[in-house]
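What follows is chain A paired twice: with chain B in the first complex and chain C in the second.
Presenting the complex of A and B:
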């Protein structure tokens, strides 16, 4: 039943248009309810697609429906088509389901903001873009969704447009993403030139004919796009700054959906990556490097949202690691559980921020344990799921990625060690955050600013979604436990057959080690931050300052790109634009004035000179006529 | 045809006409009084008339003469306007000297 997919795609777009065109005819609350309703309609559409696929055989689960010819140029045609296959339905369910919960949460969180309607229109537009990205039946539509996701992210990060820092962060995100979009577009150009098509089927059928350099370039270009969108090294610097947006935006875009698009892209185009194994290894390596680096930086961040943002980068690093190794289903499974528990953490943090009058600095928090018991328990569930403690969601998804790494030779073991180090760091930074915010004594700031709105810890729209996500984070991982049952892997098998098949002892070793290291991280965090008499935090000044400066990536980019570009443009301005381009106009004007002044001397004002000129010219003409005859 | 045979050749008339035209043009160019300039213009017009009539006789056709009559009519009206302007100028105490009337100077 393909109409489910079309319904899924159209409903958020319709909501965005209705809110935009409706204007004041729609109440602010109404806009929120409309956006939430439309996103849940999209979820129903996704569920319809999912169940109709279930009723087909495993070999017959890829349906392409073309609405109309969208682009036609020369021999190149591209239809506006949606693809319904196991991978896209899985993404549709995650995007619309988690997206609907988060938009519902926003009704409470954004209540009273003067521009709620604009917010909900943007949110609905974002959900539409993301669905277009995952449902697009060819690479062109995927790129269109990709770009629109970048646009809506830009709009939402800069939603509080009176803040300069928000505008700067929005621009940064857009520019960083544009770099990735450009490399992706270049990869598509090579694909069109080599295969003449951007349809998934055609491209994957013919990519065997591509030369070695071409396939490597294409894979590299796609990886560039994925890295930029998913905030991996070296294009990651925009994600922490993107926390300038409202908290639900961070939850929706920068945790649950948009940043995972890179993982989706790698899994979707895995036949290309499989032809370029070096690039695949590069993707896995970048993921491993990012997960360790982000975990280290998260240790010293003081803004609660930034800690979670770095944790997002780190977790997406795991997904890249999985996807790069060929453990596609494990990467996608981690994407799903991560969407649950990271959205949960962000939104629980949002409740805390709400209750503390917008404060985000953890140093001002503390002792919220008794004040917000519900939020505390939800946050704890999210944290345990993030660290990967049995039986919460992260345990099942993260450990299977690590097990997959063991099946890949010495390089795999290298990545495995990095992943395990990441697990320890995850435990440490997550529970540092937990103990600092909820444990200890109530800080002066909390005693002064804490306030309850009405009864409970927040509006129903906020607490109910957090509770739902807490439930999902707790039990959502049970659908797959690698050695015993693996429905996600078999569901995705027709689309992306895994390249690695870890043995059972690898699963057990990885799970055991990761669990032990995660618990070790929690224990260290407890010693340093949670215990009744905490030990002094060991500090190494140069390391700490390097981490506070986020390993100087911003400074390096500033030095490598911004300053030379600035200097070059100043030089060009001084030596090229002002003399040549601005000067040309002035010279033209002055020149014509001079020419006019010269000719004006001919105008003596004496009639006789005019007569003489006329008469002598006539005489000359007469002589010429006579002579020519 | 027969009429054309009488009298001198057409070139003589043209020579007189050219002489008159040159005289008039010279007057327009060198004299400074607007009255004389106007008078010289009349001489040029009449030189043209003479040429028209001479050709008319030479070809034995009347249209040149008709043309000459209309030139005279136009010349008469032009003189009226010109003299009127000169009278108006002298009443406004504008100097009657074409060299001083150079308001069109750039």
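Presenting the complex of A and C:
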């Protein structure tokens, strides 16, 4: 039922337009309900698509529906089309499902904000953009959705538009994503030149015609887009700053959906990546490097949302690792479980922030255990799922990625070690956060600022979302347990056949080691932060200061790109534009006046001068005529 | 006949406005009605236009100087149809804005605006070189007056520069036209044969490069765009600059295939430099109009890249982007004017925080801005994508420069949006939050609406700019757009490169 997919795409867009055009005619609450309702309609559309695919044979699960010719030039053209296949329906379900939950949560969270309508219009626009990204039936529509999610992310990060930091963070996110858009566009130019088309079918079918350098460049361009959107090295610096946006935004865009789009891109275009194995290895390597780096930086962050943000980067690193190794289904599976437990962590953190009058600094928190029991248990479930403790969701999805790494030679083992190191770090930073926020004594700040909303730990819209996500984070991973049952892998098999098939002993070894290391991380965190008499935290000053400065990436980019561009533009303005170009007009004007004055001297008013001039001219002309004849 | 009406209806109404002793209200009303009627006439042409036919449509020919084979010859090609439509829509918005603001000496002012409308329509439809020149000049003269009389404080300097630059360009073009026409024995664009003279080609190219403007011929641009009244800036950058790009397509490339391929590298280089240079200067411009002005320089560089890619992708994209940029920059200049009316300044140092309490202004400005920075899914994205995909085939370096410029565009547009709307409330922003009035919305929202409609269906223009005769022939379709214009002269690219 292809109309389900169109319904899924159209309904959030309609909500965004209605809220924008409705203005004051729509109450603030009404805008929230409308956006939530539209997103659930989208979820129903996605579910219709899913079940109709389910009724088809595995070989007949790819349906393309083209509305009209969207872009055309010369012999190249692409339609505005939606693709319904196992991969896109999986993403549609995640995006609209989690999106609907989080927008519903926002009704409570944003209650009372004077610009609620704008918020919900942006959120609906985001859901539309993300659905366009995953449903787009060709690469150009994928890029269109890609850019539009960047735009909605910009709008939402900068939602509190009087804050300088929010606007700066929004601009930074947009520009870094524009870099990724640009490299993707360049890859598409090569594709157009080589294949004349951007349809998935044409491009993937003709891959054999592409020369070695071309396919590598194409894959590299796509990878550029993927790392920018997914905040992987080296284009990762925007994500922590993006936490300036409202917390539900961080949950929806900067954890559950948009930032995982890079993984979707790699899986979607895997036929291209498979032709360029070096770039694939690069993707996996970047993922591994990011997951370790982000885990290290998360250890020293003090802002609760930034810790979760770095853990997001780290978890997406795992997905990149899996997708780069060819374990597509495992990467996508981790994407799904991550959406559950990361959204849960953000939502629970949002309740904490709400209860503490907007405070986000963990050093001011502590002892919230008894004050917010519900939130505490939900946060704990999210944390355990994040670390990958049996039987929570992360256990099933993360460990199968690690197992896949073991099936890829020495490079795979290298990545495997990095992934395991990441597990330990995950346990450490996650439970550092948990113990600092919920454990210990109530801090002075908590005693002063803590307030209940009057009805439990938050309005129903917020607690119900958190409870649902907690349930999903607890049991959502059970749908696939690699050695025993694997419906996700077989569901995605028609779209992306995995390149690696780890043996059972690899699964067991990875799971066992990862579980042990995760528990080890938790134990260390308990010793340092949770125990009744915590040990002093070991500090290495230079390392700590490097981590606090996020390994100096911001400073380096500032020095390497921003300042030279500013300097160049200033120099061009001062030493080129003003004197040479903008000045020329005046010089021209003065010059022509001078010339005119010069000629005016000839007008002596004396007849003899004129006669002389006429006569000599005639003489010259006569000579010329005679000579030419 | 329809084409002639499109040209002379506004001119006739201009005469009426000049001659009859109309009141301020009546003059404005008549002008607004006439410019809306022009839009209606264009829609009539659009509906009746046959996009499958490859010939000139709605054409009319009357001999003028028969001994020189000069004639009054007008007609519409598909790509000129879109540009005439752009003219009608932008001029209507500009006239409406002028009515809204209430310009001094209304009869003179609105007469000039209508005369300008007719002249621009003439430029896009003339099929005779001398007629083209006549319309080109007829377009410039009202502009001199509009900038010089109704402009801001520095209008005289701006006008002098503008006059000197464009006069120099016009003279070059006149010389080139005379030499070319006398060589070929006709001035008719459909009959005139291709030429291989680099000098004549350069005469045309420099004239158009000044009008566009292309780097480094843009000396007149910053002052003219800053000092004119907003609606005149909107017309200058939105419509008049497109006459130059049109000239590149209709004359420079179509009639000079040899020189085009010889000198293409140099022109592409200038266009690419202008693209980056304009973007960098837009990033440091201290005021709203400065950003829009320098972004116009950048955009004209981009359009020129597409045109001189000389392939279907580039040309189709260039026509689409001409329409996009015309609408975007007109909307931005008008919005800048509306902001300036509220704060009496355009300097970012004095602006900021205007989003609060002005949701309509914020929404419209934000929408226009994000289309201007070519966010994917917008029509500007479609245009830029096609242009860069086209020029990529001439050399990957051009497309890389273009991609860098797109990132720069994101930076300067976001800076402009934030500078007006976000962060602290600027010292010049009045306490009383005055949102866009319904009248102002009625002026800009149609422009933005057209842009949004085009975003949903950019192929409406890019697929219908050059008729597609034989899509199956792969080689021919590679040069479909070019061969189409060239075929008007019964000569193909390859043959003409060999002719002396």
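Heads up, the rule we're going with is that the second predicted complex is superposed on the first by the 585 of 629 C-alpha atoms of A that agree within 3 Å, B and C clash if a C-alpha of one lies under 4 Å from a C-alpha of the other, contacts with A are read in each partner's own complex, and residues count from 1 in each chain.
The rule is simple: a residue touches a chain if its C-beta (ideal position, glycine included) is under 8 Å from a C-beta of that chain, and two chains touch if they have at least 3 such contacts.
Here the structure is a predicted model, which is why all the values come from computation and not from measurement.
Contacts of A:359 after superposition on the shared chain: neither chain B nor chain C is touched. Of the two partner chains placed by superposition, only chain C is touched by A:572; chain B is not. Contact with chain B, but none with chain C, is seen for A:606 once the two complexes are overlaid on the shared chain. Within the superposed three-chain model, A:244 lies out of touch with both chain B and chain C [touch as defined at top]. More residues of chain A lie in touch with C than with the remaining chain of the pair chain B and chain C. Of the two partner chains placed by superposition, only chain B is touched by A:615; chain C is not.
When the two structures are aligned on the shared chain, A:171 is found in touch with chain C, with no touch to chain B. Within the complex, the chain A residues that touch chain B are 599-608, 611-612, 615. Note for the complex: chain A touches chain C at residues 20, 23, 68-77, 80, 118, 132, 140, 143-148, 150-151, 154-155, 158, 161-164, 167, 171, 174-175, 178-179, 181-183, 185-186, 188-190, 192-193, 565-566, 568-570, 572-573, 577, 580-586, 588-589, 592.
Those residues of chain B that touch chain A in the shared complex are 25, 28-30, 37, 98-99, 101-106. Interface residues of chain C facing chain A in the complex, by the touch rule stated above, are 157, 160-161, 164-165, 216, 218-220, 222-223, 277, 280-281, 283-284, 311-314, 316-317, 320, 353, 355-356, 359, 363, 366, 370, 375-377, 381-382, 385-386, 388-390, 392-393, 396, 399-400, 403-404, 406-408, 410-411, 414-415, 418, 421-424, 456-459, 462-463, 471, 474, 477-478, 480-481.
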